[in-house]
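Below, chain A partners chain B and then partners chain C, in two separate complexes.
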Partner chain A sequence: MNKKSTRNILLITALAAVSVLSACGGGNDKNNAGTNTGGGNTSGGNAGKEVTLRLFSNLPDRKSGQGLAEQMVIDNYVKENPNVKIDIETLAEEPFKNKLKAYMASNEALDVTMVHGGAELNTLVQAGYVKELDPKEYEGDKYKFLPGVYKSFTFNDKLYGLPRNSDYEVIYYNKKLFDDNGIKIPTTYAELLEAGKQFRAKGIEPMSMNGKDLWSFAAFFQDLVERVSGDQNLMLDAVAKKKSFTSDENFTKAAELLAQARDTKLFQESFMTADYGASQNLFTQGRAAMWYMGSWEAGMATNDKLPEDFRNNVNVLRFPVVEGGKGKDTDLLAWNGGGYSLVSSSKHPEEAKKFFDYMMSADQWAKIVWDTGAAVPAQKYELSGKESELQKQLTDVLTGATSTAGAIALDSGTPKFKDDAQNVFGKFFAGGSTPEQLLAELQKAAETQ
Partner chain B sequence: MSKSTKTILWVFFLIVALVQLFPLIWLVDFSFLSSTEFYSSSVLKWPSDPQWQNYINAWVDGKFLRYFINSAFVTTVTILLTVILSLTLGYAFTRMQWKLRSVFFTIILLGIMIPIHATLLPNFAIFKALGLTNSYLGLILPYTAVSVPLGTFILTGFMRSIPKAMEESAVVDGANIYRIVFQIIAPLTAPALVTVIVTTFLNCWNEFIMASTFLSKDSLKTLPFSVMNFAGQYSSDYGSQFAVMVLTSIPAIIIYAIFNEQITKGVTAGAVKG
Partner chain C sequence: MQKVFNNKLAIFLFVFPGILLFALTFLVPIVLSGYYSFRDTLSPGTPSAFIGFANYTELLFHDSRFWLALRNAVLLGLGFILIQHPIAIFFAIMLDRLGGKAEKWFRTIFFIPCVISVVVISKMWLSLLDPTFGAFNKMLDSLGLGFLKHAWLGDSSTALVSMLFILIWAGFGWGLLFYYAGLKGIPDDMYEAASLDGASGFRLHWRITVPLLSPVITVQITLAMITALKQMETVFLTTNGGPGDSTQFLAVYLYNKAFSASQYGYANAISILFIVVCLLATYLSNKLTRSDATEF
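And now, the complex of A and B:
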């Protein structure tokens, strides 16, 4: 009897402890929500309902780069609309993607979310998680979107999000290293390889590459495919299984050229273990002559943490042409990867739309990222006259482009394809498989996606 | 032992100690560099101009204090629950005779093998339905669930080595079951309990995936988020991240230093039946 009653008491206390704890958590929630709206009230005093909007973004660092730009847009909006509070949740790239899936599966009531165009957005579209937008609303002077930037955000002729940046691959180079060593700035692929050999002979790393991240290889290969075939869509078609990697001789040629880059040691030593930061530091410290990277690094020339000698000498080079290839050096591997979408399950659809439109207007995100050098926007921007030389060169590359790819092949398939294809490139560069094996395995990755 | 053998042993141990300490030295060293100084050709780079700013960044922008309190709370509660559950479960599996005992023991131990990634989505859905996301309990429950199997495993092994005569004499003296478990068995299993406490501590202290999935409110976030506050889309503020990691590892080092001896005892205890 005694035994039993003690046990019962223990059980009850355990249960009580659990329920108290859970009540605690739940209570906290409500309390916070209460103070949130309360806080808005005191600072507001303006007409209009108190609203808290939820924004989900992949830019955790709010003090520099694009994170800072995003924060500035939000601050501007809140200043103009004191009745609105914006709750930002940020996670770094990989956890962001995972959590967005969890949110989608449970139909979480976010208001605006960052999205990656292409296959990832398509998943959200098919789940009905994001809202359709009317492209007509975004025409005209308020937004100034560049032509063709909706490509990765359009599915079945319907628009589901707006791009925030124009991303395109260029080769950054350190002019001083070229001049000091008397090496010609390459305009063809053969000259690029030759310059690589000369730099290597002088003990300077020719080209810095973030091999560990793997995606750069795929972009480099897509650039080569275009330069050989003159067809921006060839590689995209192959991923979409409209063409075959193995039967088109353009691919064979491009794969052979890629093997040459590997075999003549164009990339730095141990490039396979270098991640983004490592490859960037190698270049910014003047120990590598070139860096194959995207337009979002425009801020390098104005970043006062970098050596001044470097900042004065960083320049942009278009991806060189290939001898006998049909592509021009003004054909640009450009795409619009990241952007924002409105979430269907939003609790404040009207306020969310208002904020979204504000953010995407040309004088907000586009202007701020351009002014801070955080990225090149997907909208037309006024040159303020304060641009760095590097920013002007990047603008020239974009405005001088005679054709653009619109999408990066790696992101145009399913996430599984991306994973498989990246590993194929990793195997090619680290394991030394042949060009034929590379193409055969890419084909397999496209077929089994 | 001759003098020369002793010297050789000493030198050997010093080298081992250096190798063991190197990551920590490296961590502290790098926390004083500015982000552009990373990836130089030398392994250690003594900063000419130590960046104390990194620590200020870690404290302010990394919201260190807030996240530290959250981590400490979640970890403490998790450890308490894990210890109580593993101890009682361990006792029930080694000393009590009941039907389905081995079945339940197997089920609990299966928990060691389940990868947390597989549980994320279903757990998120369940927690959301129960209103447990964005609460401390939303972390404490899964952390405890992950820690209990290993704790039970360690404790059962240890308890088997305790002679039954101890409990028999306690029973003769009139102790009931709770007294036996908490006043006789618990002190005897102290080394194993410390092992459980330390492993649970390290797991919770460093855990990020579950926390990032179940939490979205800033006021509840735990320490690993602090590191992420310095991650940009492409490149990161490495100096500040290293400063956060130094600050984060200090409590772990202190705890390990205090319980060091008992951990080694706990790991080997129960290996040989006494």
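And now, the complex of A and C:
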């Protein structure tokens, strides 16, 4: 090799290295949401100085559902405040949670971030990463928050974030698959398992489950515990060590029912490796008859990327009652999980607060998310008359609820409890441990949290 | 030139940036990790208390998940050494003999899995092994082996074996390439001389190729152990250590403890033990495979 070609190779390598480095610096999944739209606004005088706010969100799909709603709020704000640019970074659920902790660890200067209430937010609060809010500021007609929605955002009587949605678990089902196969829509747990057997016999996956993420199992179990005992607080109390998983027969019964779901193969065959997206795809492509998921998926009915046949047939089912159980089908596993918080290390605290307040006002996020059919807000909303059938059913489930849980048990303990308990459910579903083992290990997880 | 190399200041100026970079990216984090491993912190900056060796005693004496993760890593390392490498050596020899255009073709084909992104590989195997629409189960069906159909990655009795298979498959190209390069360094006249003496086939390779490849094999075994211990991406993307803990690996476990379970201090204790285990593995594999390099 002569000198010249050696030099060329070195040069090319150096260039490649530099471009790789600069690519790293650029960050992924970032898109400049708030491109300045008000052409020549400098003459406005009151435009203020240019600021760029950073928003971190778990809604990567900006074209439909809640991602679109969030984007619309941002666009509205940028239009009214041409001096503000909003840089948004989005990641899917699980990567989002992990990266947020990494951001917390490095005290990254975000301005506003999406947060999950309960254990997740508690970690951020303890690290001092999010700002305390004054609940008095958010009273009244501008915000219209429903009563009791601050529960999972309040720690030591201090408020650290605002919920964006009312979350509750339902069973979405594909009516056409039920009708075409002559299968009865279940109202009891036994009927649910029976429907599962019939679907399986016809080669259709009965219920889609995001087993890789594991938290759905815990929610499913909490639903069963409530249906057996009629007590919304039983599982929460057990996590808080006020009751015991192993000495209450309601838990034993619920764990046996859970084992039935596993043993009759109620969930799709690949449920243990299916993440959120995979379980959703299976359902929306009409390959699974049911999907156990939260009310935040209301947008499925209006998402034009999904098959029309599916959109016309998606319906909502309350979690069925259990024979001999004390719970009613109107007892709802509802809580306020997702929301937004202000970040302490924000470089533009005033501008950030202004944007945050704007976003949380009733005529922005809450209204848009309802009007677009993306989710059920945590604020009072009026029916516009243009709701999708799915939304109306979801509203019925919420307004017809005779009791609500207020929190999801998995999130009511420490993050360590959550990790341990999820692992216990994973073992139960894939390894085939007994109901007794499940309860003993849950008890251990609660004790060592 | 000589003058420059005698100038202490020049030496310092040239070497300092490198040392600084090394210190900042390797030494400081390790020291910090050690510091946090003695505390019960949620993340750097959160209030924390000094808890001595509590994290370590918990890990070593009460945490079965840690030992399971370590066992899986050792199994993977053994899988690399006992399954992947012999096959890689075999194919390297075949490839070396092939010659001409075919050699180039096959070399490329074998190396393809190594160029594909880990994410793609993970998603590909998830689909291939899917119990409902996966090609693997379909293939079993068409061979009349339908009774073997299985949720390969979703059942804790088969998840680890499937995972090891994927990892061994994915790393095969690298092993092959190393051995192939090693083979190219063995002069042809060695073989000519040996075959004149009457050696042939398997004997020829057992007596000549393997001993002469031994420096490569030594390096490869060390690398295999380290790769196995560090295994993260594929596991994280396919099963995330599940179902249960059946495919748990050290790095995944560490990551989940730090970021999902918010036990940052504990995770740092794992990372310190992790370093110790890696050093130990390197030391052992060097010790066991040490032989005087054959000169030729």
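In this text, the second predicted complex is superposed on the first by the 363 of 449 C-alpha atoms of A that agree within 3 Å, B and C clash if a C-alpha of one lies under 4 Å from a C-alpha of the other, contacts with A are read in each partner's own complex, and residues count from 1 in each chain.
FYI, contacts are C-beta pairs under 8 Å (C-beta built on N, C-alpha and C of every residue); 3 or more make two chains touch, one makes a residue touch a chain.
The structure displayed is predicted, hence computed values, not measured ones.
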### Query
Hey, is it chain B or chain C that touches more of chain A?
B
### Message
A:Lys101 in the overlay: touching chain B, chain C, both, or neither? Say first, second, both or neither.
### Response
both
### Task
Tell me which partner A:Asn281 touches in the superposition: chain B (first), chain C (second), both or neither.
first
### Message
Output check: A:Lys212 vs chain B and chain C. Expected answer is one of first, second, both, neither. What do you get?
### Response
second
### Query
After superposition on the shared chain, which partner residues are touched by A:Lys418: those of chain B (first), chain C (second), both, or neither?
second
### Query
Regarding the shared-chain residue A:Gly426, is it in contact with chain B (first), chain C (second), both, or neither?
second
### Task
Using the superposition on chain A described above, determine whether A:Gly373 touches chain B (first), chain C (second), both, or neither.
neither
### Message
Quick check for you: in the superposed arrangement, does A:Met272 touch first (chain B), second (chain C), both or neither?
### Response
second
### Message
Going by the contact rule set out at the top, does A:Gly118 touch chain B (first), chain C (second), both, or neither?
### Response
neither
### Query
So, does A:Gly128 touch the first partner chain B, the second partner chain C, both, or neither?
second
### Message
Considering only the contact definition stated at the top, list the common interface residues of chain A for chain B and chain C.
### Response
98, 101-102, 105-106, 287
## Note on the structure
So, in the complex, the side of chain C touching chain A is made of residues 42-47, 65, 126, 130-132, 134, 151, 153-157, 159, 238-240, 242-246, 255-264
### Summary
Touching chain A in the complex, chain B uses residues 34-36, 38-41, 61, 77, 120-121, 124-125, 128, 130-132, 134-138, 140, 176-178, 208-209, 212-213, 216-217, 219-220, 228-238
### Message
If we count contacts the way the header does, which residues on chain A are in touch with chain B in the complex?
### Response
2-3, 6, 10, 21-22, 24-26, 28-29, 32, 58-67, 89, 91-93, 95, 98-99, 101-102, 105-106, 108, 274, 276-278, 280-282, 284-285, 287, 296-297, 305-307, 338
### Query
Which residues of chain A touch chain C in the complex?
97-98, 101-102, 104-107, 119, 123, 126-128, 205, 211-212, 214, 268-273, 287, 414-416, 418-420, 423, 426-427, 429-431
